[in-house]
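Structure record follows, encoded as structure tokens.
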Amino acid sequence: MEALYATTTGLLAACGVYLTLRGRTFPVVVGLTLLSYSVNLFLFSMGGLAMHGNPAVVGAGTPAADPLPQALVLTAIVIGFAMTAFVVILAMRARGDLGSDHVNGNRLDVSREDGK
Amino acid sequence: MIKKRSRLLPTPMLSVLLLIVWLMLQNSVAPGQLLLGAVLAIAIPMLTYRFWEPQPDLQKPWRLISYFLRVIMDIIIANLQVSLLILNPRAKFRPAFVHYPLELEEKFPITLLASTITLTPGTVSAYLTLDGRHLIIHALDVEDEQELIDEIRQRYERPLKEIFEC
Amino acid sequence: MPTWFYPVLEGVIAFFLVAGGIFAFIGSLGLTHLKDFYMRLHGPSKTTTLGVGCVLMASMIYFRATTGHFSFQEMLITIFLFITAPATAHLLSKAALHQKLVADIRTRNVPDQLETASEPDEANAQQTESRLP
Amino acid sequence: MTLLLIVLLPLLGALVPLMARNLPRGRLAWLTAVAPAIALGIAVFHLGDVFAGQTPQFHLPWISELGLDLALRFDGLSALFVLLILGIGLLIILYSRYYLSGEDSLARLYSFLMLFMTAMIGIVMADNLLLMWVFWELTSLTSFLLIGYWYQLSEARKGARMALTVTGAGGLALLAGILVIGHIVGSYQFDDVLAAADQIRSSELYPVVLVLVLLGAFTKSAQFPFQFWLPHAMSAPTPVSAFLHSATMVKAGVFLLARMHPILSGTDLWFYIVSFTGLATLLYGAWFALMKQDLKGVLAFSTISHLGLITLLFGFNSQMAAVAGLLHIINHATFKASLFMAAGIVDHECGTRDIRKLNGLYRYMPHTTILAMVASASMAGVPLLNGFLSKEMFFAESLDAQLLGGLSWLIPALATLGGILSVAYSLRFIHDVFFNGEPKDLPKTPHEPPRYMKLPIEILVLICLLVGILPSLVIKDLLVSASASVLAGPVPEFSLAIWHGFNVPLMMSGIALAGGVGVYALRHHLYSFQRQFRARNALLVFEANIQRLVNLAERSMDSFENGSLQRYMLWLLLTALLFVGIGLLAVPQLSGEFEQQPFDAMLLTGAVITGLAGLGTAITHRKRIVSLLMLSVVGLMTSLAFARFAAPDLALTQLAVEVVTMILLMLALFFLPQRTPKESSARRIMRDVLLASAFGVVIASLNFAILTRPVESISDFFMANAVSGGGGHNVVNVILVDFRGFDTLGEITVLGIAGLAIFKLLNRLRLFMPSSDLDGRSWSPDRHPMILATVSQTLLPLALLVSVYIFLRGHNEPGGGFIAGLVTAVAIILLYIARGVDWTQRWLRFPYQPVAAAGVLIAGLTGAGSWMFGYPFLTSSFGHFTIPVIGEIELATALLFDLGVYLTVVGATLMILANLGKLTTPHRPTKEKS
Amino acid sequence: MLDIALWISIALFAASLMLNVFRLAIGPDLPDRILAVDTMYVNSIALIVLFGIQLNSKAYFEAALLIAMLGFVSTVAVCKYLLRGDIIE
């Protein structure tokens, strides 16, 4: 089961990174969100995966899940949202002001292969 | 015909519903929860009442309950029918769009009617015209539209009209 | 509780679980096999919702049996579902009609010309200078 | 303490001219001279016990962790150099008072000179190698300032820059050498280094140390490969050339050789490098001194040649050679300084330094001519002058240098050749300038310089004569004590007598004198021969190299940083992969000792669906709305995974955040192009795929490695006293709100700031609104579908109820401020979507910024509240109160803190989404469609 | 007897999820894909409740409740996007 979990996290990370390598702001943002999902899964699994564990609530059964990574990931998710929002709106502002949503440094909107 | 709303309990029905939901959420009828539920049941409608569409008042709540029961029964039958239709590979569907002139005016009953139509056998309320007069229904398997229209009017629209309007 | 009661209860729960599963499966099956979008819409809006309803009923009874008092939360979820499912179905079909998805040839009187906007649509393409209040 | 004064006085002296700059020149000169004069007095005072063999020291810890202390020593070698520096310094101060023309600021020159003097004294008296290096770099800096004194002249600026680059680079090499020595010896104090001399010589790092230290010395003393900067340093005013580039600064390199002599010398490597460089420089300098047309150029190259001679002397591993070297240091300083000053006078009087124009000046300035003749005779090694003594010793030493085996005779021969050339250019300096016909079109008619301008030259010439005639009386004991510190042992008995009877060295100096006159006579042939070579101006070559270096740097920077995020991501990922990859390679076996837990059908389906959805997002990224849908599926499956692995809190948050992100991205998508044109070439896609998959593989293996290894979790502390400490059963919420309350406070502030930043960013945003959707269909007329409106209206109270429910139970069961806040935000957003901005605006009249601010405030105040009870910030307290009717309620301050969190989350989320949504509304006609 | 039923039900829901993914991948037009995603939300509610029964803990009802509510909101948002482009007007 650990292998399955690890492969999924790896796959998500790979797709996320592939998207961030694209030349336009929107795929980069989507890529970052995907990457943050995979990182959250990764961090969550630091406390070990409780197959039959109970939620980290006192009195909810002995093999409780590890509450600390959960707390960290919870904070990560919320802050992740705030930052994604900021980046998206930065992208919109860039498009509004610069007229192109390229990230590879070329100005005009025509798609010129650049920024090898 | 909407009577003056009392300041404290703008929509009595909604407050009662909220109280019941709160108790369901808490899964307990302890006095503390009851009090808290009551407080919330009054506070939330008060917060949202000022911009509430004036809703027709419930004339006969008991008819609504019987209406719901009948709808539930229809849903179960509908699902069995649709399942059979989907399952047998050689099913020959006769899908059709049906223009259904609405007699109801108020928004809430119309929504209720549209929901029941979607949930009941073989019909989905596909489109509501802008002026709220016509409802286009997509039926999975129907021979004669007029017969479907009469059946819907007879089974659902008339009771709703009774409950809400007259 | 009399001894014969538990196996019956378990039976009922098992029945509801399996029925729910079957209904959901049929719903998805309909979703995959039916020809055009409008026919596919019937599956999930009806059967899947009922399937999930049955599962919720099963869990209600299950927790009634194990913890001794009725838990109404499942009831609340079912209510939520039965309110939202038709709304989504309606919106989806409205979007489909708007996109003029081609319906199966056998469907009769397909509404081809939906009402056009009564007045020119104000969202014409012009540079908007947005001043936030 | 008095040693420190010797260094401090010139330093303070640097301020004196600046403060007294608008005094008349005479009084300014005297005032400046006071500080070095006192320092000279102190030095002379200490001479007594230096000659008696003691070495007064002074130690003040400065940066002891680096091994750098303010440690000074005053041994024989230091005494010799200090006398040289201060003595000639005083003369230069007097001389430049007359030399500088009216508009040049004398005060600035004096302050630079004083700074330079401090640096030089610092070098020679430093007892700590690092301290010596600090002063070493200070000399480079001050020489840069001094060479560039006439900053309006371009070649002055270029020369200064070149000098700084070369001597600076040498300084760096020296630092490296000192650090290696420190590494070997363990301390930078000179005595410890001296004691560990054999250890250094035998260590395998010795060649490295030797080369580095010699690099420092050779660049400073303008030895052969690095001599090109000295001629171009002549664009400095002549007093500077006289002081820096003859007597002191270039001597620093040779001083380093002398100081390091007991530590590094004695090995064959030392002999080969040092003497060969010295020999080459000797000949190179002598030859070009003959060729140069500029008066100061001749002197510059002769300085190079004489420095080469001293280095050669230090190169012979014999003790007498070192003594000869020290003697020549003194002699060269005296006659070269006076020659430079003479050249200064000629330049000052005639306005030009071009030898071709200067002829027969003895008629105009007979007194200067005599002084110049004595000085240059001393340079040529004419007997009865100090030059002759050290040249004699030099010839004697070159005779018994045996290290070249069969070819050892070559060294005396080349020494004699050097002697011949030096006599030739000394002769040229006198004859060609002061005799040899009439001066041709001089800008100014020459005449005798002012009386006191010649005084310094007279003093120096007097010293040359004194040392030449009575050597043992004047400098014997100074030379003995200096050699003692250089040889770090007993000094061999030597006689400084003028006459040693007829022996081979005397014969060699005779040949040198005769040959010199002959070579001078044939000089025109040499000139024509020299003209065939292309004259390469070192300045241009140097500038060209620097420019080539700058272009190379620019090109590499452009290829590295071209404003493309893709490029930066590429480098970022490659480095990350590299380091993590190396780490993973080091792990012997990926899977730890835990064997894997079994998985059931549901987990497999979940994993497969997440994988497919992730791939779908990547593959369909050009059809943006589809990739968004795939993203939402990934989000859903992630929250299912959290639920499956017993983290209900996370599942709730993930769901809520995922929906809000979806809405946010769709809001943004409306204004961004709906579809991305295909623009990446196949090669680029291939590269990205490879890179991304490599990254994925690394993450997967990392995760697998950690999962299958034991977890030393620290969370049993939290589990244990969540109830007692935080008063709640839901440990995750207790951690968030109580144990790590401060972190959560910071986090909600970030949330608030993000909301505000976005609010500001959206202001005056000029956006292009598409008039129709992707395939040209115009937007549907029905802005707010009626059924959606009613349904969302009925849902709103239920949703608010649910969010209150989640909020209240947060402390004991899954729930809490974050989730409740998000649920409320989603409910309100649903209303925005269904009923539009105007309707919701009327309902929610308050703007969202105050809500977020209030949230942060409440959280902060609850934290601060505990101060009032004397507890540290953010300690929470809780109590159980039983109210008769309601029964037992548990109230905790954490609840208030959670309320703060709730309000901030609602405020920030709505600030972000509502403002984004409102972008278009001001331009919609407000009449509501029925 | 209960475990077998539970296991069958989970298998069925997993199968229906896979079918939804199939429709999501294949779906010729956007509405099909949205329908697929919406059905996945509904199916995942059932799955969460089944987890609850399997792990015999009541902590999962909030998650199910939230999925029901939020699934609706995201589908509505996407449909509004298709209809009007600008979600919040």
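Read from first to last, the chains carry the letters A, B, C, D and E; within each, the first residue is number 1.
Criterion: a contact is a pair of C-beta atoms (placed from the backbone, for glycine too) under 8 Å apart; a residue touches a chain by one contact, two chains touch by 3 or more.
Keep in mind the model is a prediction, meaning the values are calculated, not measured.
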{"item": "Those chains which touch chain D and also touch chain B", "value": "C"}
{"item": "Centrality ranking, top chain (CA atoms only)", "value": "A"}
{"item": "Remotest chain, chain B as reference, centres from CA atoms", "value": "D"}
{"item": "Selected interface, B-C versus C-E, where C-beta contact pairs are more numerous", "value": "C-E"}
{"item": "Inter-centroid spacing, chain E versus chain A (mean Cα positions, whole Å)", "value": "22"}
{"item": "Between chain B and chain A, distance of the C-alpha-averaged centres to the nearest whole Å", "value": "41"}
{"item": "Interchain centroid distance [CA atoms averaged], chain C/chain D, Å", "value": "67"}
{"item": "Mean-CA-position distance for chain E and chain D (Å)", "value": "60"}
{"item": "Multi-chain contact residues (two or more partners), chain D", "value": "628, 646, 648, 669, 762, 765-770, 779-782, 785, 787-788, 791, 795, 798, 802, 813-814, 916, 918, 920, 924"}
{"item": "Residues of chain A touching at least two other chains", "value": "54-55, 57, 60"}
{"item": "Multi-partner residues of chain B (at least 2 other chains)", "value": "21, 25, 114, 125, 128, 130"}
{"item": "Chains that touch, pairwise", "value": "A-D, A-E, B-C, B-D, C-D, C-E, D-E"}
{"item": "Chain C to chain B touching residues, read off their complex", "value": "23, 26, 29-30, 33-34, 36, 38-39, 41-43, 45-47, 49-50, 69-73, 75-76, 82-83, 85-87, 89-90, 93-94, 96-97, 103-104, 106-111, 114-115, 118"}
{"item": "Touching residues on chain B, where the partner in the complex is chain D", "value": "14, 18, 21-22, 25-26, 30-32, 35-36, 40, 44-45, 47-48, 50-53, 107-108, 110-111, 114, 125, 128, 130-132"}
{"item": "Chain C-facing residues of chain E, complex", "value": "1-2, 4-6, 8-13, 15-17, 19-20, 22-23, 29-32, 34-36, 38-39, 42-43, 45-46, 49-50, 52-53, 56, 58, 61, 64-65, 68-69, 71-72, 75-76, 79-80, 82-83, 85-86"}
{"item": "Footprint of chain A on chain E - complex, ascending", "value": "55, 57, 59"}
{"item": "In the complex, chain C residues that touch chain E", "value": "7, 10-11, 13-15, 17-18, 20-22, 24-25, 27-29, 31-32, 37, 40-41, 43-44, 48-49, 51-52, 55-56, 58-59, 62-63, 66-67, 71, 73-74, 76-77, 80-81, 84-85, 87-88, 91-92, 94-96, 98-99, 101, 123"}
